[in-house]
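In what follows, structures are represented as structure tokens.
Shared chain: subunit A. Partners: subunit B in the first complex, subunit C in the second.
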Partner chain A sequence: MRWLLPALGVVIVFVLLGGAIFGLSGRLGAAPEQPVAFPHDVHVKGVGLDCTFCHRTATTGDAAGIPSVEQCMFCHRVVGQGNPEIEKVRQAGQNQSPIDWIKVHRLPDSVHFTHAPHIRAGVACATCHGQVEGMKQARQVRDLRMGDCVSCHRQNNATTDCAACHY
Partner chain B sequence: MALTRRQFLKVAATSTVGAVAFVACSTPQDEFLIQSPVKMPEDLVAGADNWYASVCRQCPAGCGTIVRVMEGRAKKIEGNPLHPINRGKLCARGQAGLQALYHPDRLRGPRRRVGERGSGQFEEISWDEGLSLLLSRLKELQGKGQADTLLMVTDPVDGHLALLVKRFLRAFGGQHLVYEPMEPTTLTTSLQRTFGQDLIPHFDLENTQFLLSFGADFLETWLSPVAYGVGYGQFRQGNRRRGTLVVVSPRFSTTAASADEWIPIKPGTEGVLALSLAYVILSQGLASPQVAQAMTGGAGVGALESFRPEAASTITGIPARDITRLARDFAQQRPSLAIGGGPAAAQSNGLFNLSAVFALNFLVESVGQRGGVLNNPSPAIPDVGPASYNSLADWVGLEERLRTGQPRPVNLLLTRNANPVYGLPSQFASALSRVPYIVSFSSFMDETTAKADLILPGHVYLEEWGNSVPNPGPGFETIGWQQPVVNPVGDTRSFPDVLLALAQGLGGETERALPWSTFRDMLWEGAKSLHQRGSVRAADFESFWIGLLQRGGWWDTTARGGQQTTKAPVLPREPRLPSFSGEGDFHLILFPSISLGDGRGAHLPWLQGTPDPLTTVAWQTWVEMNAQSAQKMGLQEGDVLAVESPVGVVEALLYLHPAIPPGVVAMPMGQGHDAYGRYAQGRGANPLSLISLPKDSDNGSLAWAATRVRIRKTGQRVKLAKLEGFVTPTQLPGTEIVPEAQVTR
Partner chain C sequence: MSEEYKWGMVVDVDRCTGCQACVVACQVENNAPLSSEESFQRRRPMQWIRIERYWEGEYPHIKARFLPLLCQQCGNAPCEPVCPVYATYHNREGLNVQIYPRCIGTRFCANNCPYNARFFNWVEHQWPPVMANYLNPHVTVRPRGIMEKCTFCIHRLHRAQRQAKGEGRVLRDGEVQPACVQTCPTNALVFGNLKDPNSRVSSMVQDERHYRLLEELGTEPSVVYLKKVVPGGRAS
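Moving on to the complex of A and B:
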């Protein structure tokens, strides 16, 4: 079966190619359906909350952070009685059970993205995340693949050292 | 069937293999899940790690740990750099604690037996129900005036937990037995007799010049291997002169492999060799005259006439000139230190062997000296001491009590992380089944818990409070503090908390003896006597408590053990020779596996997959046999051998060992479980089932190195799971590979 090795080779090439095309690509435009239909626009534009009110560690940590159920309940113990979506949150608060959100922005495992230094450098949240205050459902508005990162780094004279992100 | 190229492509494109290969290219859906925590403590930051100091409970040594926790999940365990026992190091068993915490077969809630006992049929119940079931049993005993028929069997417990158990049983009634197959009672008795100390002294390996070990595998499993490992590094490379290590042992262990010289000895004759060394030292005038007088009862070297090297040589199998040379080195390269244990202790004459070995330290004046044997101080908090142990003799007594019901039967057995059904000779398992009601607090379905009527599973140590008084300590007062590093994974409860809840439910004297509602409260109160001295300094107790938890313990380097007051012992005049059971051609030496220990680590896959350092075998039970003896018997590596002793037969795979003495075979303990989770069950064999109870023993311990066995070929062969030989050795420039013939010679 002399053809077997080349055939396996072809399969492997397909796998790698597939990885490059599908797996590692950004998901531009993705707006996954969430377990609770959380409207960013109401909270940001309507109520006037700052991003870091909920995403508490964006200015200090690697991840921006997902607010705890407890934090939702600070207001929703009272606000929004009868709204079926808010009832879901209240239910979670009552049962002490977590909410399984779906990530909108996910970078590949080979990248170590940290929020804090970007915010320290004066990059606005909207630069990468878009006009969240106008979104009913959170959506990815930037490509966020390596080319995108590098071109922004170049424009802003930020480092393009490989090890800045790949470590 | 011949497969054509076209067929292959068709199959590959349409089969699940193809499907998986292509689907795998996109990111799996669960990678996008991001769970919101229910509550957000201040110190919890997504993506940032927290390190909590605690104590390792994978063996009784009591090493300090620091645990890396991210988003409330424990991710990594390392040694606590501040802790004086392990000084930042940790062994494989300690690292594997994570797998105990997140084990898929952990008992996650209370259960009650519904089928036949031992059938494994249980139904899940609530904690309220479980506790009231147990409470009613306890009250029933109390009501009938049978409180003394309660028996509690635990793993070695120390610190405040030992105090709690003691107080509970003193107030309620009943007996406590500590299960530990590798129990050190022979060692502690001989140390007590030689040095007059109840605590194991601090052996100062670090600063010694000549270290002589009689079977004490201190780099593997003996007492506190991580502490000794750190000391050993210092001994070899940290001091101005490199120390010399000589190992005397019937088996070529990892410690022996690390030695400058390994001296194989006939099993059980270590004491004779030690006394022969004493004879040479005295006859050549290498000891001070006062010591010589004291240790011979004034009779001089003539008292040791029966240990002349020529006589000892025939008993021990070591050439007389080697004995003389070793004695001279030991006496002249001071400070020198002699330690003993392992197969030297697990003999019918274990006490004789170890007492002779430890007495050598008096001869070279190493007792109470730097680089020698240093006393450990009594515990920092009175009543809160190290673990106590029971010898096999106590278990023999229990077996008789269970069998005959005399003087009192056992009506209720409480067991916690102890597995006597696996580790003790088989008559115990049948005796235990006579107990009408068995309650287990273990975290895993081990062989003993499988026989229980009620299971109230306890936390794994990473989820619960505690403290530890290490024995041996580092030479000064030390207490390790254990705090929970994560929230409980399942619906389990901490064993001490359950005991306190039971005391409250019982009321009366038991409640008065244990007035705390949680074990943490008891520890909090206990810590108060440590405030104002030692390593944690704080103005108020609240800050002291926080400092205590941050550092993972408390120690006072100024509170050292007192000076040696016991006089040098008088050496025995006549040898006590070992007696063995069985009449086979081979002497069987068991050894605790460096990863699985006596078997309690067998449920963790990391430990199962950790290759033995010498043979490189993992996952299996093997028999180490001299390569040439095996050749004579026509045996090959991987042959399934039946190893037969007077009390049992086990099957294990042959490993051809170039260095084990021809008449000796060795087997690791730890495998051969028929319960204890998916990774332990039905794997390898349990060689402890070959060991019979001691008859004319001088110490009452399990003599696990005193059995002679027959070896039979079964005709099957299995490939050994070993790393050795997997990679062909490559020639590096400038170094020469030692030819195999030279190694096996």
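Moving on to the complex of A and C:
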């Protein structure tokens, strides 16, 4: 039984280390439950929609933009009747009430990320957002903390002025 | 960003009527908290730009003189070397920037600023509930315990520069203005690129009335003032 104490020690160290790494990893892997179970895979892979078909301001604005219920209703007025999740959307459309989507990729308030210049520089959506076309539920696949941003900016010879994002 | 820009401002004191429109515009644009009477009494108002008022002459021949005062974006800024965490530094566009998440609130910079242009968040500021949607989403709402100051509306500069870059050109003169300049009814404030020899600020800084505040300190401000000249009288 002499091995028990060191073994227990090793286990405890691993648990603590794992906890520390998990705790430090921010929101990596966050996949919040949405009010409507929206499957990206069906829309991107199945229907063949481009990202910017719904996220309309990604190429021109700061935020990529979440489509309004009206935009969902372009198709879902007709498509998918009887599906309980789509019925939620249709209900929202009839009541003219927005759907309270939960933000997956959240940055601190002191950081200002803008989509348009990144896309103009040739960064693909998937570089930060991963293979969304294969996701049943939207999930954060990249760390997106400052080290992540800065290392990519360094590799691509982009600005590393603090005031480029923090103001 | 690029090295094509060095931002500067010209304040024509002769044109300033002391209306304080710039003060209000700045507060709204930059999510500055509402400065209450109490905050003034405690000498802790948050005004990134303020109007300093002076009386000139003896009663009954007395005149009010106004001097808009904002962060001078000094080329040789006294606030910068005293920051122990490099939260304030000079960027490549000649702006003296303040990085909020980096600031630890020592207040050394404000103590070292000869223009009193830096403001400390002594409390967590609250806005009246009706103003909940008034906050500018492009400007950070600063929490308690950090320093802040005029940014020359850097969010506007960034936005305009991004747009210009997308169109493959540099910014045109007058295309971007801070909120105070935009709102000034008498055009006493003029903003522009000092590196562009054809810009309005570049020609105005050549004016013979020009001076800089506390020039003898060697802070090299990017804000240039134009003297008020009273015909037949003395200038102020």
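Going forward, the second predicted complex is superposed on the first by the 141 of 167 C-alpha atoms of A that agree within 3 Å, B and C clash if a C-alpha of one lies under 4 Å from a C-alpha of the other, contacts with A are read in each partner's own complex, and residues count from 1 in each chain.
Note that a contact is a pair of C-beta atoms (placed from the backbone, for glycine too) under 8 Å apart; a residue touches a chain by one contact, two chains touch by 3 or more.
All values reported here derive from a predicted model rather than from experimental measurement.
Once the two complexes are laid over each other on the shared chain, residue contacts for A:94 go to neither subunit B nor subunit C. Of the two partner chains, subunit C is the only one that A:120 touches; subunit B does not reach it. Here subunit B and subunit C are compared by how many residues of subunit A each touches, and B touches more.
Look at A:131: by the touch rule set out above, it reaches neither subunit B nor subunit C. When the two complexes are overlaid on their common chain A, residue A:69 makes contact with subunit B while staying clear of subunit C. By the touch criterion defined above, A:151 reaches neither subunit B nor subunit C.
Residues 62 of subunit A lie in contact with subunit B in one complex and with subunit C in the other. Those residues of subunit A whose C-beta lies close enough to touch subunit B in the complex are 1, 3-4, 7, 11, 14-15, 18-19, 21-23, 32, 56-57, 60-63, 65-71, 92-93, 96-103, 106.
Listed in rising order, the residues of subunit B touching subunit A in the complex are 3, 5, 8-9, 12, 21-22, 24-27, 31-40, 45-48. Those residues of subunit C that touch subunit A in the complex are listed here as 1, 89, 91-92, 95, 97, 99-102, 138-141, 151, 154-155, 158, 162, 165-166.
Of all residues in subunit A, those touching subunit C in their complex are 62, 108-112, 114, 116-117, 120, 159, 161-164, 166-167.
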